[in-house]
Structure formats: structure tokens, C-alpha cells
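Pasting a structure below so you can have a look.
So that you can tell them apart, the chains are marked A, B, C, D and E in the order they are listed, and the count of residues begins at 1 in each.
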Amino acid sequence: MTTLTNYRPTTRLRVVARTESPAAIFKTEELNVWYGKTHALKNINLTILENEVTAIIGPSGCGKSTYLKTLNRMVETNPAVRISGTAQFKGTDLLNATVERLRSEVGMVFQKPNPFPKSIYDNVAYGPRLHGIRKKAILNEIVENSLKKAALWDEVKDRLSSSAFGLSGGQQQRLCIARSLAIEPTVLLMDEPTSALDPVSTNKVEELMNELKKDVTIVIVTHNMQQAARISDRTAFFLHGEVVEYAQTESIFKQPSSQLTDDYVNGRFG
Amino acid sequence: MTTLTNYRPTTRLRVVARTESPAAIFKTEELNVWYGKTHALKNINLTILENEVTAIIGPSGCGKSTYLKTLNRMVETNPAVRISGTAQFKGTDLLNATVERLRSEVGMVFQKPNPFPKSIYDNVAYGPRLHGIRKKAILNEIVENSLKKAALWDEVKDRLSSSAFGLSGGQQQRLCIARSLAIEPTVLLMDEPTSALDPVSTNKVEELMNELKKDVTIVIVTHNMQQAARISDRTAFFLHGEVVEYAQTESIFKQPSSQLTDDYVNGRFG
Amino acid sequence: MQKPLQVSSQSRIRFRLLKDRFAKLAFASAALFGLLILIILFIRITSEGASSLSLDFLTGRFSTSPEKAGIMGAILGTFWLLAVVVPVTMIVGIGSAIYLELYAKNGKLKAFTQTNIGNLAGIPSIVYGILGLTVFVRALKFGGVVLAGGLTLSLLILPIVIVAAQESLRSVPEQLGDASDALGASKWQTIQSVILPVAFPSIMTGAILALSRAIGETAPLVVLGIPALLIPFPGGIFDRFTVLPMQIYYWTLDSALVAEYAQLAAATSIVLLVSLFILNGSAIFLRNKYSIQS
Amino acid sequence: QEKEESGTASANETSSLEGSVLVDGSGTVYPLMAKLAETYMIEEQEDVSVEVSRAGTSAGFKKFLVKDGTDFNDASRTIKEEETQTAKDEGIEVKELKLALDGLTFVVNKENDWVDELTPEQLIQIFTADGEVTQWSDLDPAWPKEEIKAMGPNENHGTYEFFYEKVLEEQDLKTSVNLQQDYSTLVSLVADDQYGIAFFGFGYYAGNQEKLQAVPVDFGEGPVEPSLETIAEDGDYAAFTRPVFTYLNVGHAKEKPQVLDYAKYILKNANKMAGETGFAPIPETESQENLNYLEELGNE
Amino acid sequence: MPPASQVSSSSEIRALIRHNQSQKTFRKSLESWIPRVLFLLAFLSVLTTVGIVVILLTETIEFFKAVPLIDFFTGTVLKPLSQTPAFGILPLVMGTLVSSGIALLVAGPIGLMAAIYLSEYASRRVRSVLKPALELLAGIPTIVYGFFAFTFVTPLLREWVPSLEATNILSPGLVMGIMIIPMIASLSEDAMRAVPEVMREGSAALGSTKLETSLNVVVPAALSGIIASFVLGISRALGETMIVAIASGSSKNFSFDLTESMQTMTAYIVEVTSGDAAAGSTVYYSLYAVAMTLFALTLIMNLIAGKIARKFREVY
């Protein structure tokens, strides 16, 4: 298993060296999540570091999305969900925080682009408006900045008032990223953000992530192991609701300590 | 790109040498398929050979399933579908054949196991009964043989009359294979047959395919490139409704002639 | 490979295909039967009633003499009735649906309420009439006025409005609500700015269909004692009133006495049917237009 | 032009009125009362709503003799002892207003070509169990061997009671007699049944002569056909002739001017409209007496 | 707070949003009331049920003080207004069951076949015409159906069945059947369309014709949904009022003769309320007893339908 460099031929995007050791932004301990009787997460102990890109991989149904959605408590939109254990965000108990507040700090991007049936402008301005920003001038600025950060500004600046549904899939996904960025989150959770996109769009979004991680901590779920290898600093491998392995991305792909990880990243199942 | 042997660490299943050159069983020429306005397949020219395993790979939405379903004309169950070009099955025009007849020669296994809400026995006996076999003794024999071929007999022989829904996902998928085999098809089309299965079941089904291909021609769609590499003789790479490359599986993975193929099999997109 | 089973002889396939074709014909006729009846019914009613239909008939007051009779009073009565039914069912119906679909916790209470609403939808309309008679007309002493009729019919169609609105809310793609929630919106903010706007056309469709049910109802009004013979026009929700279906009922019953009444009943039926077709048609149109988008 | 007339009329007599008048009761009287109400609302008082229903005399009295009951109850029989008692108990003062004369009419199907006349005895046989008559041939061997389909109004109706008391002399009706709430139903049942026979007020026959035949009744001096001429207190059809009334809630008349006004109107106009709705008129003097009573009520 | 006109940096916006969030606003306090208000609205439906049950029960109990329960439920004679009244509900039950039975005989097969056609055979375009047409049929007020039954169907039937009376139970039964066809067709179609497409594909891939797929796979898989639609159809027919009130007359015969007039429970309620609804009499209370019976009957039907349909939903 020494040939894994093949998985990420474009390592150009990765920041390899780090000068200071980063602080923990999320910390989950003995975290368990059930959907009714389905035990989706089992005793998850993970520490996610600030200003890193953390990738979560694993076969379908292993609990990747559930874990991600626990971090901003979106998992609770399903009323059947029960949670036990602890989860901290910046050192404070997130499971008992005000969700509205938590979520405005922890943004999320979904697998399928999900713009609102509104104009491009209103999509981006939605979050700031929610949080009480009404002044046109400020909103204009936020919209522009966010779209720029999402590398979408040039493509849409002339049609801000047309419907978001008119955009291509890749553009929609970047719009959703811009929408999240508009409220200046400190973390961005991304659940297979490129799996519905074409190669070119995928590449754009990957570049974008690399750009963003200067300001924002990113946690990304992906089923594409090469992607994980390309863009992440650290990777967690989930299986059947458990963390099999969590380590530097290089070590996960080059010298996994578990045979299961080895089998998975080499496509022997999943 | 010389390290691709890594993709299929378990080549044990593959029959490497062939003594006689096999005959064409399907031949499509300038085949085009539209769903309403979506042009799903564009000028597909492919010849699929008898008693081989042909794999079809490509990113989501590229037309893999559409192509497969054109071969038994299941694609026409969608009334919006239009087809142009020619497609032959064993030298006869399949686009104008009687579908009921075509489909009894060209079996199909789907991504999600889809047993009928009947007993295990009745599931397997369904096809033979359709075709007028009523004698209990003959049916018993067919059911037993088919379940044996699908490597399921030992697991279910004591509960043939219980509901098929009581089986595990992997067992259900093998039941569906048995159901197809019961009418003795000459071809088996399989659309991501293992993507919903666990590693153990996946392995069983792959072994089964290897067993079956002695008697049956298999065309399989898969998103798992390692699987394609493991089990197929020949691989077609689809992109945006077109065939980018079609060749011996080894050459697709080791020396793809197209950069697109190279990018795809190396996970640079998809 | 041996093929021991002669499974598909050509003649057998031909026979199976023939059966299929024959069955298709039978099934199609069954489906067309409804359409056929609709046409017969409409032709029958038009041929009977068209000659009585005139501007005078539409704008005239009720009368026992067929040549003088008009249905303006009933038309106005229907409008006043809607003036009660529309706000009541909209507010209570959509409100209940939002509560049940978006706020209520899954539990016994919700399941009970839901089952209860389902069963309410299945209670014969005449039972609602008895409820209205006992509560609104007698106990609250409204008498047979628009308000009593309107509230009774509101209760009658509420379950339909609630269920339809719930379905509309449920059909809003979950991902839209998720997107809003993930931006830190409060529950009501998400409902107000994302879910309701998206669900609105579909909620309206359901509401219009339910309203047309209310417009066509007769049995509860008969029980409430809504008169058929009423000459003054109703001018508000505290006035006594009559409606188109009551007029049809009266004229149909008395057509045995005055043959021309049958024509009046038919003419009134045309008016009622055309209004309902317009209402239902617009609802179906709304639905088709918006269901394609989602 | 019409408006002007009514305007002067209301200026002369009472000023223009509003409010409602509720009338229920006899289905027999209904056509006459409906006509009166309609002309009253169109020609006299546009803003008064007179609502006429037809639950039947007895049913109507139950709605009339309660607190906040109807203002008028039409009746095809006089008020009964126990009903007067109820009125007393409820403290309701009731005034009987005679409107017109009606004749109990027996009708058969147009295609009935065998019945030329019937005697009261035969009618009793048809409608009561004791007569043991079930087929037309039981009355006359020459008539068809077919079951007689006897029908009539149900017990809500004064007509039923008149028939039960005056014709049947309180013998029970056969259970097979088809008793209906609506006169319209009876009309169509007989009109559609060759072997049917039914009874109701003359008005319902008069309006449906093209569908029904009235049966002449032989009271002993040869068959008498009911008609506006024979129906009279001393006419040939006198035996089956009965006055029809409306009962006024006097309290309501005192409280509500529109009720009093309408009461006067019907007394003045009943005779005018009696004929066209199938009733025979009553002597002017009788109406005048009641009118005087009402005038006094107004002056109180 | 940063001035609005000033260009705001990311951190300023972040601060502004955090600031706004910690603010206690009127909106936030109002929002906490919303669920409570909405709960009250939703509770109204429960109240309606309670109202219906309480009203029906109290008056029914009054009725049973005057008429023994046994007499009511086993009596075959109904003479509510007679000098010697009898209150047996069986004639009404008979009328109700007979008319609903006829309706189901018409609507069951036709509705099911139409549903199969719509769900399995019809092209999208044909369905887009037929379904709305069926919905229009379902939207026709019952009073119009009543008129149709009385002035068209009955006279038409009399040409074939001369012994048919002017008011009879056959004609309204048939028309009620027509009335519930759309309901059965639409609910059965829903049930069939809920059968996962993969089932059909599984069958078609084995070489089945549409008919074979429909009858062997789709209908059995949707069976409980179909049965539920039948039960709901019956329930609807049991409660139907105006068609029978107009076209079936008011004879309280305890017989089985379809050509004769029969009264249903609903038509009895109409007759009593339009005749004598004066409170206090036994007849008046009988109204509630009959309504209670009708209510219980339809409720049971609906519960059964619900149960069957739920079982169906559990499968998928």
C-alpha cells in the first residue's frame, strides 16, 4: 500500500506545513445518536481542529452525515433523534446552546445545491436579513463580498435579481456557499458538496475550499477518497457508526493502522 | 499511471485467458436516447460480446443505466423516451422485437433489490408461471435450481414459503438474481447490483457473477472502479451520454487512451 | 446451454398480448365511463335548463311563479356564506396544519389529533348539520342566519383544508427548510420566509377545492332550517339567507307540482356547476402549474 | 312607476317596515300563503322578509307554540284541545284567522280508466285494514286484479288528521299506506303509478290536472266531483270540505308591526288569491270581523 | 455598532450579527406565542369531535329513556308520527345498506378498473385529461346528482323496469355509485402508484405484459390500499343525503324490493328536520339516535379503512 500518492495527483492545493499547533474547535466525547431505534453514532470521540480541513469518509450509511449534522444540531430537525454524550464548540457545550446562535457560527453546505426559490441576491441576503440586517447598503456589500468569496461574483453580478434556479448545478452550489458565508460563520460543514457536480465545478469548489480555510474551519464529508486525500489535513474513517480511524490524511491513506481502513480506501467494499 | 494494479488486489476472480474469440451478442449503432428534451445517449456504437462480463463505468448521470435499459428496452417504460439508431440482439433488431419475448431472454438485476411482496418460492416461480409453466413438480425443480445457481439455496431452503421481505439486503439481491435465472436468460443486465450491499454480500455477488458467466453474458453498470477492474473483461467508459473509451478492462485502467478516462479512473472527478 | 423450458412459444406470447390489449380496452372504458357520465349529466342539465337561463333569472328575486323567478338572492347568500367560511377555514385550517406539521411533537397526542382529523373528514355532512343546529342555531341562538350556516360549513370543510395544507407543507422540499435552519433562522422565520411561500399555491389549491365543496353542500343547510323561499336579499352575516343548492333542492322537489320548476332547478344547476368548474378548474390549473416546478 | 305607488301607499298607511315574519305549518295552505307572502314582499313591503315553510299543520303547531316560535301557523284543521292547552301553558295568545275553504280530494292516475266514482265506504275500505280490500278487484270484480297503492300525507299533516277523524272515523290506516312528508312526492307517486290512489287538498289536484284525475265521491246523491264550485260549506262536496286557517301569535303581532301588517294583508287579499291556488273563498264578513280585531290590536 | 454607511469588514458584520442575536426583540417574544396559538387552532378539530359526540350522546340518551334500546335496534317498524308510534331503525338500516350496496357494486369494479388504467396504462397526457375529469365528477354537488337521479335516471330506468316506482332505491343507489367512482378510482390509483416502480420493473424485466404486472404484482401489493378505498367509498355512500332525499322517497319499508321507495338514515334526518324539528318530542330525539347510529357506522368504516391503509403504508 505504498502507491497511494496516486490518489491525489493534485496535491498543489494542500498547505503542508503548519507553524503553530491549531486549537480544538469541536470536541465530541462518547457521542451517541439514535434515529428512533437505529443507533447511528456509537461513542464518537473526536476533536476537530481550528482552521483545518477535516474529511470524513466511510461507506453509505456509516453515520458521516449524522455526525456532521450533530455539529450544528441540524440532526435534531428529525424529531425521532436522541443524542447522548457531550459535544463542545469552542469549549462550550453545544448540545445545550441556542441553536439559532450556534448555526449562525457553524454554516452548512449540503449535498444537493438547495438555493431558495428567490433571486440570487435574496438568497445571499437571506441570512443577514434573518439576523436583523436591513440596511440596503450593508446588504449590498455583504452580497458582493460573499459572492466574491464564493468565486461566483463575476458570473452573476449582472443578474443578481434573476432566479437562483437559472444557475447551473455548480453555480448553485457556490451560491449556497456564498449564502453560508454571508453571515460570517467560523465553521463550514460540507456534506458531499461536490458529489452532484461535474468535474469542472468540482474543481472550482475544491479550489474555493482551499481559499476559504484561511478564515474558516471546514469539515467535509465525501465519498470520493481522492478528494479527501487532495483537500483535507485530517481524515476520519467511519464504519457502522463508529470511528475506525482518525489521523493525518496522509497516514490514513498511506499507512492506515486498521485493516478495515485499508480495505475501504482500496475499494474492497463500499 | 503504471500503478493501477492497485485497483484490483483480488484479481483471483478474473478469467484471464480466452481461447476462442467470442461472438457479438448486442450491437448498437448510432444509438440515441432522449428523455423528453434530455439527450441521454448520443450516437452510441458498441458491440458487446457473448459470455463476457462487460462493465460500464462513468460519473453519475452519464447514461450508464439508460444504455443498460435500452438493451432490454426497459427504458421505454418511461413514456417520454425516444430512441433512434439501431440495436441488435443476436443479430436481430431488438428495437422492434416483442418486448415480452426479448426480456425473457435478457434478464435484469437492479440496484436496489426489488423482490415482490410474495414468498421466496413465488418470487422465483413468478417468471416460469408467466410463461405458462404450471406443473408443481417442474416449478419446484426450477426454483431449487435457480436458488442454487444464485448461491442462496442453502440459506432459504427451509423457509421457501416465508416472505421475501424477511431476507437481508444481500440475500434479497441474490433472490432477484435467482428470479431472473429462473427463466433461463441468455444475458443478465446488472445495474449497480452491489452498491446497496455490505462488503460480505458484495463479495458473494461478485463470486456469483464469476460463476454465472460460464452460461450467461453479463453487462454490469458499476460506480466502483475497483469492482469493474476485478470482475469485468471489457469496460466502457461513458461521459455525458457518450462512450469515451471502450476496451479490455486492463487497458482502460492501465493505459487509457483518453485523458478523460485517466482523470475519471483516478478520481479527479465524479 | 440446455433450454429445457419451452417457455415462450410464439402463440402463447400472442395470446398474452391479446389479453393485455383487451384488458387495456376494458380498463380504458371504465376510466372513460366517468367522463361519459359527466357529459350526459351536463347535456341533460343544459338541455333542460338552458331555456330558463337569462339575465333576468340571474339577477331576479326568488318567486313561486316560474316565469318570474330568479336566483340573485341565492347567489348573494352563497357569497355571504363564503365571507364567513373563507376567513375561518383559512386561519384555522392553515394554522392547524402548520402546528401539526411543523410544531407538534410526534407522539400520542399528535397521532390522536391526526386520526381525529381524518375521521372528521369522513363524518357525513348531515351530522355537521345536526351539530350546527344544536350549537349555532339553538344553543347560541343565531337562528338560520349566514353566520350559523357559515360556521357549520367551516367545521365541515376544515378537516379537508387541514389535510390538504398539511400535504402542501410536507411537499416543500426538506432541503429548503434545512438551508434556512442551517443559517440560524428561528423556526417561525423558516416557516414564514421559506416554507409558507413555497407551499402557498398548493395550499390554495386544496383550499379552493374545499370551498367548492362548501358551496355545493345542501344537507347540513336543510338540517339547519335554511329556507328555500326567501325573497329579500341577505345583506350581512346576521341575515337569513338561502343558497343555490337549496334552491335546486326546493325546485326539484316541487317539480312534481309545477313542471317548470324542473327547468329552474336545471338552470340553477348550470349556474352552480359552472361556478364550481371554474373554481375547481382554477385549482387544478394552479396545482398542475406549480407541481411541474417542484 | 310602481315604486311611486308603493311609496305613496306606505306613506298613507304605515311607514315602511322591516324585519322578518316566520310562517310555518300546513302544506295544504302553503301555495296560498306563499303567493300572499310573495306579493306582499314585492308590492307592499320590500324590506320585510316573510318566510313560509310547510312542515304540516301538527308539526307547525309544535314550532308555533313555543317561546320565540313562528309568527303564524297555517292549518288545515282547527287547533286541538291539547294545543290550546299548550298555548295557555306557554302564555301564548293565539288568534285563529280563517283564510279559505278546501276540499279533501282523492286522486288517481291518468291511466286509471276503471274508477268513475267511489263512495266514502269504499274509501274507508281502501285505507283501513278492516276493509280487507287489497286489490282493485276487491272493490269491483270488473276492476284490475292489481294491488291498490294507497298513499297520503303523514301524521305531521292536518290533512291526515282530517281524513283520519272525519272520513275514517278514527280507524287505523293500513300499514301499507305510503305516507309522505311532501305533497310533491305524493303527486309524482300517483302520477307515475297506474294503480295508485292518494288524498290531499284540492289545490294540489288543481295545479296538476294534466297528471291526475280527481275521483268523484258519491255521498249518496250521485257522484260529486270536487271543484271550486262544489267546495263550499253548503255545497255538494260539503262533506269533505274544510276551512283552512292561519293562527297568529298575538303577542308577536303586538311587538312586531310587520307581523300585524302582514296579518291584515292576508285577510284583505286571501280571497283574491284563493281561486288561482285552488281554494274556495269565504264570505267577506268573516274576514272583516278578523280585520276589525286586528285594527284594534294595532290601536292598543 | 458600526455605522451603516461605513464599509463593514467581515469581523464587523460578524460582530453585528452576534450582537443582534443576543438582543431580546419583540419578534422573539412574539414567536414564543405562535406555537401556543396554533395549538389552540389545531385543538378546535378535537373540540368539534367532542361536540359532535357529546351532542349526539346526550340527546340519544334522552331518546332511549322513551324507547327501549332493543326496540330501536331490532324493530322493523318505523312510524315516528303515528298515534301509536314505533321506532325501529331496521327499515332505515335496510335502506341505507341497500343503497350503499348498489353504489359499491357500481363503483367498486368501475373505479378499480379505472384506477388500473390510470396508474398502469394511461400515458401522461391521457391521465392529465382523465384525472381532472374524474375530479370534476367528484366535485359535482350531490344535490345535482339528486336532480339527475330523479329527473333522468329514474325515468330512464322505468323504460326497462316498468314496475319501478317514481321514488325508489335503485336509481339513487346507481347514481351514488357514479358519485363515488372518482373517490375509489383516485384512492386506488394512489395506492397503486405508491407501489414502488422497482416492483413493476422487476416484473416487466421478466417479460410480463402490463396486464400480468398489474394483476400479479401491482394490485396485490396495493390491495390493502384498494380495500381501504372501497371501505371509504361505502362510508361516503352511507352518509350521502341529498341523492336519496330527493330520489328515494320516504317509505319506511323493511323490505328488499329495489323498485320500491326506501328511506335511508340520512333521508330520515332530512324528513324529520324539515317536518318537525320541535325540541322535546320523541321524534325529535329519534333524530339524534339515528344520527348517532349513522355516525358510529361511518366512524367504524373510517377506522377500518384507516387501519387497512396504515398497514399498507407500513409495507413501503
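What we mean here is this: a contact is a pair of C-beta atoms (placed from the backbone, for glycine too) under 8 Å apart; a residue touches a chain by one contact, two chains touch by 3 or more.
Just so you know, these numbers come straight off a predicted model, no measurement behind them.
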| item | value |
| --- | --- |
| Graph separation of chain D and chain E (steps between touching chains) | 1 |
| Number of steps on the shortest touching-chain route linking chain A and chain D | 2 |
| Approximate Å spacing (C-alpha centroids) for the pair chain C, chain E | 12 |
| Distance from the mean Cα position of chain E to that of chain B, given in whole angstrom | 47 |
| Mean-CA-position distance for chain D and chain B (Å) | 86 |
| Distance from chain B to chain A - Cα centre to Cα centre, in angstrom | 35 |
| Multi-chain contact residues (two or more partners), chain B | 100-101, 104, 131, 183 |
| Multi-partner residues of chain E (each touching 2 or more other chains) | 21, 207, 209, 212, 274, 277, 279 |
| Two or more partner chains touched - positions in chain D | 182, 185, 188, 191 |
| Pairwise chain contacts under the document criterion | A-B, A-C, A-E, B-C, B-E, C-D, C-E, D-E |
| Chain A partner contacts - residues on chain B that touch it in the complex | 3, 6-7, 9-10, 59-60, 195-196, 198-199, 202-203, 224-227, 263, 266-270 |
| Contacting residues of chain E [partner chain D, same complex] | 77, 79, 81-84, 158, 165-167, 249-251, 261, 271, 274-279, 281 |
| Chain E - residues contacting chain B, complex | 123-124, 196, 198-209, 212, 216-217, 220-221, 315 |
| Interface residues, chain A side, partner chain E - complex | 100-101, 104, 128, 131-133, 135, 137-138, 141-142, 145, 183-184, 215 |
| Chain B residues touching chain E - in the complex, by the definition given at the top | 72, 74, 77, 79-80, 99-104, 107-108, 110, 112, 114-118, 126-127, 130-131, 165, 176, 179-180, 183 |
